[in-house]
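Structure first, commentary second.
All chains are identified by letter, namely A, B and C, in their written order; residue positions are counted from 1 within each chain.
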Amino acid sequence: MNDAIRKVVMPKWGLSMTSGKVTEWIASEGDEIADGDDLAEIDTDKIAGALESADEGVLRRIIAQVGEDVPVGATLALIAPADVPDAELDEAALLAREELDSGAVAEVAGPVTGSVEVEGRTICFAALGEGEETVVLVHGYGGDKNSWLFVQEPLSQSHTVYALDLPGHGESTKDVGDGSLDVLAGAVLGLLAERGIERAHLVGHSLGGAVVVAAAAREPARVASLTLVAPAGFGSRINAGYLRGFAEARSRRELKPHLAALFADPGQVTRQLADDLMRYKRLDGVDKALGALLGTLLDGDEPALDVAPLLSEVDVPVAVVWGRRDAVLPATNGEGLDDVEYVEQAGHMVHLEQPNAVVAAVNAVTNRR
Amino acid sequence: MTDTLSTAVSHELDGNALLDAYRTMRTIRAFEERVHAEFATGEIPGFVHLYAGEEASATGVCVHLDDRDAIASTHRGHGHCIAKGVDVKAMMAEIYGRRTGSCHGKGGSMHIADLSKGMLGANGIVGGGPPLICGTALAAKQKGTGGVGVAFFGDGASNQGTTLEALNLASVWQLPAIFVAENNGYAEATSSTWSVAADNIADRAAGFGMPGVIVDGFDFFAVHEAAAEAIQRAREGGGPTLIEVKFTRYFGHFEGDQQTYRADEVANAREHLDCLKRFRTRVTETGQVEAAQLDAVDAQVTDLIDAAVEEAKAAPKPTAADLETDVYIEY
Amino acid sequence: MARTISYREALNEALAQEMERDESVIVLGEDNAGGAGSPGEDDAWGGVLGVTKGLYHRFPGRVLDTPISESAFVGAAIGAATSGLRPVAELMFIDFMGVCFDQIFNQAAKFRYMFGGKAKTPVVIRTMYGAGLRAAAQHSQALYPIFTHIPGLKVVVPSSPYEAKGLMIQSIRDDDPVIFCEHKAMYDVTGEVPEDSYTIPFGEAGVVRDGDDVTIVAIGRMVSVAEEAAKQLADSGVEAEIIDPRTTSPLDTETILESVENTGRLVVVDEATPRCNLATDISALVAKEAFGSLRAPIEMVTAPHTPVPFSDALEDLYIPDAQRVANAVKTVVEWKR
């Protein structure tokens, strides 16, 4: 096949995804496509999201129809410059269609999972990509490594990207000790040390934002840059009701209303999301961990963390991304910070709602020297 | 851990212990005679099965028990409850269906229980208790408390599969369990001489690989002695025992039973065999207890029962709000 | 870390983790170790279908073989539960409830109520149910409706390895008596299960699949049958929402009603025989509480009103299958007044 013809394949979003469906083609055949443009809406049994193009050119052929179940790695569409002859595209499209119909699709390599031991705790991670520089993604309160699914894959094209589970979260040890920022930052730095990563670009969301700042302050030499996505520890406002509601919810029914605070579009709060979060919350030890971390985040109804002084000690490039419609840590919390990029159509979960904004910010800051 | 726990069982009774035993028997008698009288007035609802005449059995066994030990009882359970320390006033209130009752009026005569006292309930099901006692005995054994379980059951239950299965399991697992077959001669209106195919219920013990003992149920001291031996053996890890206690009940199967199936054995028993009379004669003759001390107990018991009835009658009944509570701990 | 294990392994892991965590948890039943008093191996069987395998050596003195004497050992488990242990008794086949039912429904189920709220009986009775193994009339029934009928009992019917583990841990930690019904044809079914201990609360249905055209409520193994039907139906453009109650007592009526209020159509799939089963119970609930939302009569897919037959030719007809479920869905979707 002509190298100029690029395949758009079904992405692997998260470890358990094996197939997905195109629910809508956003781009049409003949459209000019730039890197990062939304091509299609994809729905998996877990999550729905927009598939962004990693290439540029013209969308020449659509292979997978709306509603068709497509295995991860199978070709959804073909992008090529306008000057590639139609005959070549027809041939490539035929092959792709045959491959899809036969089901003989080579499984794409998803993230590699592993774990390290840090101060008696098992810290789990998923790594993707083979870039020279390493990016480490640190989730927020109640999140886990899978919450970066739309960000990790695009970043992996130029970096080695780790997403980890903080103590008390995901598949890591649920014990968080006193729940302090120090314990959490220690886990991030421990991952770097155990994996032999001398220096990494740290990306933190929400509580994870405060964690990466603390990590940078503790071991500045290990940190190449910081990307803070709606970080905790800045400004004076915090949605204590959401945090407590999340910690205390005992059922899907109790949890779901609280989750609306996370997104600009409450329609993103699916039953599946609430189910997945309840699955996590029902693991032994999670209640206790979330309780301890609540103490780290809240002082009464006020924020308990202030990491601005720590950030001022750190001399590395810093990017800040904040959803304009954040209802957990309002965007006004970013007022004291330099060069905040506000994302209009995003709430607190910018990396899920507008992942390209986060990807762009990380790419920009990792290129700054 | 077991080593440090007491397995000692007293075969001897001092004056105070004798008075306590007498008080228990007298309380049971007075309680039952009063319930009999009050039932006749129509104020007590439902089925009531009275234990009068059988007091030496519950008392002679339970006097050896403490908080580690559990008992299971029968539909004729008031005596076992009193002997295991259940509050008499709460029992009376329960029989009257009052909110202040042992079970808040939800159980009634056949289901009086107090698990905090190791009283696992009177039981409306004939043969319901013996398997449960295998469980309490198993728990005591697993936890190494030195505790025992005692299943009281009647001659009727001695023919139930549950009882026979429990005897076998207790022996297979070598449980600290004592099975007390209270053979009062009748299962409802059917004679045990007819319904029990063996000569004695205790004879069945051999088939389950455990000792079987027959005692005179009108004789507190005979029951006391047999129970002491069985309980000590159980506490020391020697496994279960079957004790058959023979006597007759003074009242019908339930209140209202015309007892046309019976001969005149009750009058004879009351006159010549009665456990309270024999107890009084023996302890005063040996000089261990003064008659006046026993009279004083009688008077105190009368006052207690009077107060229990008075308070029960005055107590409130449960309300609609109580109907659907206490089904589950959480639902 | 989540890995793929079988329903059997999920149950075994739940038992092991709870025995590790709480030494008052004991396991008892016929051949739960196997080989008691015999000249050969201890732990010869680990339960008739191997669910308790390995626990005997791992937890010395806490896995008890019993004589074939269900009244005695089920009763003993109940008595022990009132005295500080958390026993998990195995009633090998649910059909054997006939020889020990008194201990379950007159004793365990009623203690708390008839003792005025003063009893606590944290016993779990594990039992196998269900047809499909050519085990005939006395080893194949789906009798969970009988237990569901009894106030004081909780009844659990897990449909996957994930549910089996989480619901078993919840059952052991729960302070009320629980009847835990395992489908004998599901022991080798595999699925993703976290290694960590976790619980699934009672009375919260799982929504296995989202859909707007019809609500399918399916019990236990029937959940996978409903999923198979839903796949077929999706090809013809009918999107079924599948609800798995997980526990029949307590029953998550809210999730069922909410779904029917959205879809307007209900099919209940229950492996139990049709009179007074979960299908009739749930249908009555919906007819009473969501009558105004219904756009078609309710369909029930159940076993026929017969004992479970032996011959494969008959047993395969007896068990509700995906085709029958799909047909029932078509009936409600195409129904016209």
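Convention: contacts are C-beta pairs under 8 Å (C-beta built on N, C-alpha and C of every residue); 3 or more make two chains touch, one makes a residue touch a chain.
The structure displayed is predicted, hence computed values, not measured ones.
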Leading chain pair when contacts are tallied as C-beta pairs: B-C
Distance-to-centre winner among chains (Cα means, whole assembly as reference): C
Rounded Å distance between chain B and chain C, as computed from the means of their C-alpha atoms: 39
Approximate Å spacing (C-alpha centroids) for the pair chain A, chain B: 69
Rounded Å distance, chain A centre to chain C centre (Cα mean): 38
Residues of chain A whose C-beta touches two or more other chains: none
Touching residues (chain side chain C, partner chain A) in the complex: 1-2, 166, 192, 194, 196-201, 204, 206-207, 210, 254-255
Partner chain C, residues of chain B touching it in the complex: 70, 72, 101-108, 111, 113-116, 120-121, 123-125, 128, 130-140, 142-143, 149, 161-162, 165-166, 168-169, 172-173, 325-331
Touch list for chain A against partner chain C, complex: 16, 113, 115, 124, 171, 174, 250-253, 271-272, 275, 279, 282-285
Residues of chain C that touch chain B when the two form their complex: 26, 61-62, 64, 66-67, 69, 71-85, 87, 99, 102-103, 106-107, 110-120, 151-152, 154, 174-176, 202-203, 250
